[in-house]
Amino acid sequence: MSMHTAALRDRACLIVHGPDQPGLVAAVTALITRHKANIVSLDQYTDDPEGGNFFQRVVFHMNDLAAAFPDLKADLAQTLEPYGMTWKLTDQSVPKRMAILASTSDHCLLELLWRHRRGELNVTIPMVISNHTNTAEDVRSFGIPFFHVPSQGPDKSAAEAEILKLLAGNVDFVVLARYMQILSDDFITGVGVPVINIHHSFLPAFIGAGPYKKAKERGVKLIGATSHYVTKDLDEGPIIEQDVARVDHSHSAAALQARGAYVERAVLSRAVQWHAEDRVIRHGNQTIVFT
Amino acid sequence: MSMHTAALRDRACLIVHGPDQPGLVAAVTALITRHKANIVSLDQYTDDPEGGNFFQRVVFHMNDLAAAFPDLKADLAQTLEPYGMTWKLTDQSVPKRMAILASTSDHCLLELLWRHRRGELNVTIPMVISNHTNTAEDVRSFGIPFFHVPSQGPDKSAAEAEILKLLAGNVDFVVLARYMQILSDDFITGVGVPVINIHHSFLPAFIGAGPYKKAKERGVKLIGATSHYVTKDLDEGPIIEQDVARVDHSHSAAALQARGAYVERAVLSRAVQWHAEDRVIRHGNQTIVFT
Amino acid sequence: MSMHTAALRDRACLIVHGPDQPGLVAAVTALITRHKANIVSLDQYTDDPEGGNFFQRVVFHMNDLAAAFPDLKADLAQTLEPYGMTWKLTDQSVPKRMAILASTSDHCLLELLWRHRRGELNVTIPMVISNHTNTAEDVRSFGIPFFHVPSQGPDKSAAEAEILKLLAGNVDFVVLARYMQILSDDFITGVGVPVINIHHSFLPAFIGAGPYKKAKERGVKLIGATSHYVTKDLDEGPIIEQDVARVDHSHSAAALQARGAYVERAVLSRAVQWHAEDRVIRHGNQTIVFT
Amino acid sequence: MSMHTAALRDRACLIVHGPDQPGLVAAVTALITRHKANIVSLDQYTDDPEGGNFFQRVVFHMNDLAAAFPDLKADLAQTLEPYGMTWKLTDQSVPKRMAILASTSDHCLLELLWRHRRGELNVTIPMVISNHTNTAEDVRSFGIPFFHVPSQGPDKSAAEAEILKLLAGNVDFVVLARYMQILSDDFITGVGVPVINIHHSFLPAFIGAGPYKKAKERGVKLIGATSHYVTKDLDEGPIIEQDVARVDHSHSAAALQARGAYVERAVLSRAVQWHAEDRVIRHGNQTIVFT
């Protein structure tokens, strides 16, 4: 949904999750009423009505939100403490800062820049970092800084250190838009913010490199793409979104790749939008997505 | 989702809708907490955060629900009266009674009977009524009564009166499973319960008779089906669900019809399931569907 | 597409495949013209225009086809011999004989029986064999013989031998409609006709048992089904058709299974139809499907 | 499928259509063999095996095609004349020249420019014409000339005349990429080349202006887009491609429009690609599309 700054003023998003308990929803909604806020949307899910986990996303409108934010947070801390819940309150008029890492492929990168320019992604983009230079001109034509950090042989620690230095303190999450370097555990730990990847297959099918070639060899009738949070286990992180496209015997591996590019850019865009709007809650190796 | 009687015991579904107001969600959830019930799921939607309409569906579990039902209803009436809301409370362990009207086509009819037998539709089926006899044996093999009410020439009032007499007091909603007679305004008024139809096109395209023939002539690349509540305006009632299937130039009108049959039965089944589970709220000529 | 016996009278289907060579299409079409037949449809595919493999399916109409069949075959043998091609000629008015093997699940089995009764599958069904008895009454209500061959402990050779004896000489292909026994290599060799399976996942994801449970654990956003020819390598045979359905975090493993059942029955039905109509050509571990 | 100039060298595409007759396919394929060409792909369709219309698309490879082109055309004229067929032979290494007409919306325009830059559309783009200037910089950054022809009040004849002058002799087809002016009959006659439009609804639903607003009011559960050839009857020309996206009650008309933009650009791109590759045959108000 198109985002307009005006529409997001004085809007907060509250995420609550933890062990399900009677009275939880009443406590949260009473708090919101107490602060004279008006609920815009509310989604919730309990994975097991008997002693399961509770997940809730509430968007509410409140006059002079920015001024009231500290009070609101203090009240939330006090109200939710007895329930032992994890919670997070965000001001929707403050967009998250998103860095993009890319390589030579431009389709996912340009799709994100384009949707951002159309006002469809509630983010700012402080930088694009690539280990190649071919997309520099395109990126800068969108008014976005481009940094070139080449991959230097098998030892990636210097390049990773340089990337970490660029990111440090400047971003709220990182998107790997077909970035073709495998990140080290140290990098993933060190970056300290969520990292979202797009994998060019319908995971868990065709894990690892060369999925379109593998798909061609296996003779599948659908190809797919998967966007997931990056964890230390390659291609094993929590899945945010997936989609597929129909193919047939007449498609070469190159044709699968060309067709797949359109699935990749759509899937990654949706995942980024949902993350930017606090619609995704991680729970173990799974996600709850309130679309 | 498969329905098991045990899982639905002591479960209530509350639908609330009307003008949006601050405090509404808090009032409802506080009431549920007060009655020591536990919220299983909660969906809500407001069509305009500034003075719009509010729609909510809450499913909750409450021990000895049947005994507490009158108290609960009294409390709801008192709590929601100041807000001027419309509300409805149902006991999910009491399935709705669904009559099916059919003609010669069996695909939608058999799909419903089959899903019912698999325990996927939370309904009872007290009767199938048809203006033809070809499906009688099939229907009865599912253990369901079959009544033959033939259409008798241009004056349908006698047949309609006979159908109304069979339905009166015995059903909570009626499904037209490719019933090929146009019902009179008097019938629709007289039946007094919701009537769900399946139309064999992607409405509002190809309104009226012969949609597959029209689709072939217009050369469309997708065919569809639409399930909607029946109103006095033919094919104009609130849409519950729609879907499409891809076709191409090589499909004859007969082939479109054969392919469309599978879209029709899927679309009608979803609409019936959602209605049976109180997931659909009518609002003017539109529906809010909490899936 | 709905099959009518009348429409299929005097219709032949010719499959040709082998090394691509100049003049091949001209030779085949000239032969058909020579026999005063009229081409109804023609599909072809070459996997590499430079020295690749050629695949062709031609359907043609020819008066008194049955009488001319031997002549036609002799001419084909002589014409195609110099090209070293594999070919197969079938009379479309002679439906293939299909046996179905099932276990307790009825959704794939009933879908096939139902589509057959609607005239949408150009097959005869001489028998259904199950290692359970729960579907016997349903099967026989379609006028089809039902044989119960129970699985007897870890040694399946006796049961398999009994099944082979029932099938021998009576069927042209076998469909495993959620048959939950793993067939031995000896069975697959001994049966001597193609065997089509439906696997309840989007292969190669979730190979083996319990795919819906695995899908739930991995947190996928789409579930799927795959129909393939059975080979000695479990779940590794040539894929005929696949499809998916969207799911989310709120679906339990049981709900995935219920939703998946509808994908399974649709995927298996399409695969069976295409096989019955000689639309599928096996090539190594892949299929060329002319839909 | 990605197009590479090298791969298209010496490749011809032959389209044949007209009354179906025995021997037609044999005559065409014999001709191709006679010229020592090799068939790369062949699709054909007959709308009625008894006296219907025949449609064929053959792609073949022939050494030194450009030199042999006149001979080939002469032979085709002579061979096909007795059959009374319409035919067209094109050299696939010569891309069609495509002009784009646009207004303020950039999504369809940029998608085409982008796919063109990725080498996925076998066209050249000699010009973009818009009645607004907002996309000028973007268009020129792709190295493509941009011409501004403003709409001037109710009399469009001057603007249309200016556009016709720019197009005359320079283009093989025209694409309306959300061009928001209704073209006069004189323009459509005068332009003399095919004109492809993208309509922002699933035609024939919501013909005319404001389809997303109408879709919201009607409460549909899917929105769509349709690409068609422009004829004198607004929104009534032969459909090339259509697709849909799922929506629900929570989408405003603006949200439908934002979501629809992604369907529009995908549908228009496919239609343009198929037209550029001579995959679309017009037949009355329908199209045969060999994908």
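The letters A, B, C and D name the chains in turn, as written, and every chain counts its residues from 1.
The rule we apply is simple: contacts are C-beta pairs under 8 Å (C-beta built on N, C-alpha and C of every residue); 3 or more make two chains touch, one makes a residue touch a chain.
These are the chains along with the protein names UniProt gives them: A, B, C, D = Formyltetrahydrofolate deformylase.
What you see is a predicted model, and the numbers here were worked out from it, not measured in a lab.
Among the other chains, which touch chain A and chain D together?
Touches both chain A and chain D: B, C.
Looking at A-C and C-D, which pair shares more C-beta contacts?
Between C-D and A-C, contacts are more numerous in A-C.
Calculate how many whole Å lie between the centre of chain C and the centre of chain D, each centre taken as the average of the chain's C-alpha atoms.
37
Find the geometric centre of each of chain A and chain C from their Cα atoms only, then give the gap between the two centres in Å, rounded to an integer.
Computed from C-alpha means, the inter-chain centre distance equals 42 Å.
Can you list every residue of chain C that touches 2 or more other chains, as numbers and ranges?
Those would be 45.
What is the shape of the graph in which nodes denote protein chains and edges denote touching chain pairs (line, ring, star, complete, other)?
Topology of touching chains reads as complete, every chain touching all others.
If we count contacts the way the header does, which residues on chain C are in touch with chain A in the complex?
Going through chain C, the ones touching chain A are 45, 47, 202-206, 217-222, 224, 238-244, 248-250, 285-289, 291.
What residues on chain B touch chain C, complex-wise?
Touch list, chain B to chain C: 1-2, 107, 110, 114, 118, 120, 141, 251-252, 254-255, 258, 262, 266.
Touching residues of chain D toward chain C in the complex: what are they?
Residue positions touching the partner: 20, 22-23, 25-26, 29-30, 32-33, 36-46, 49, 61.
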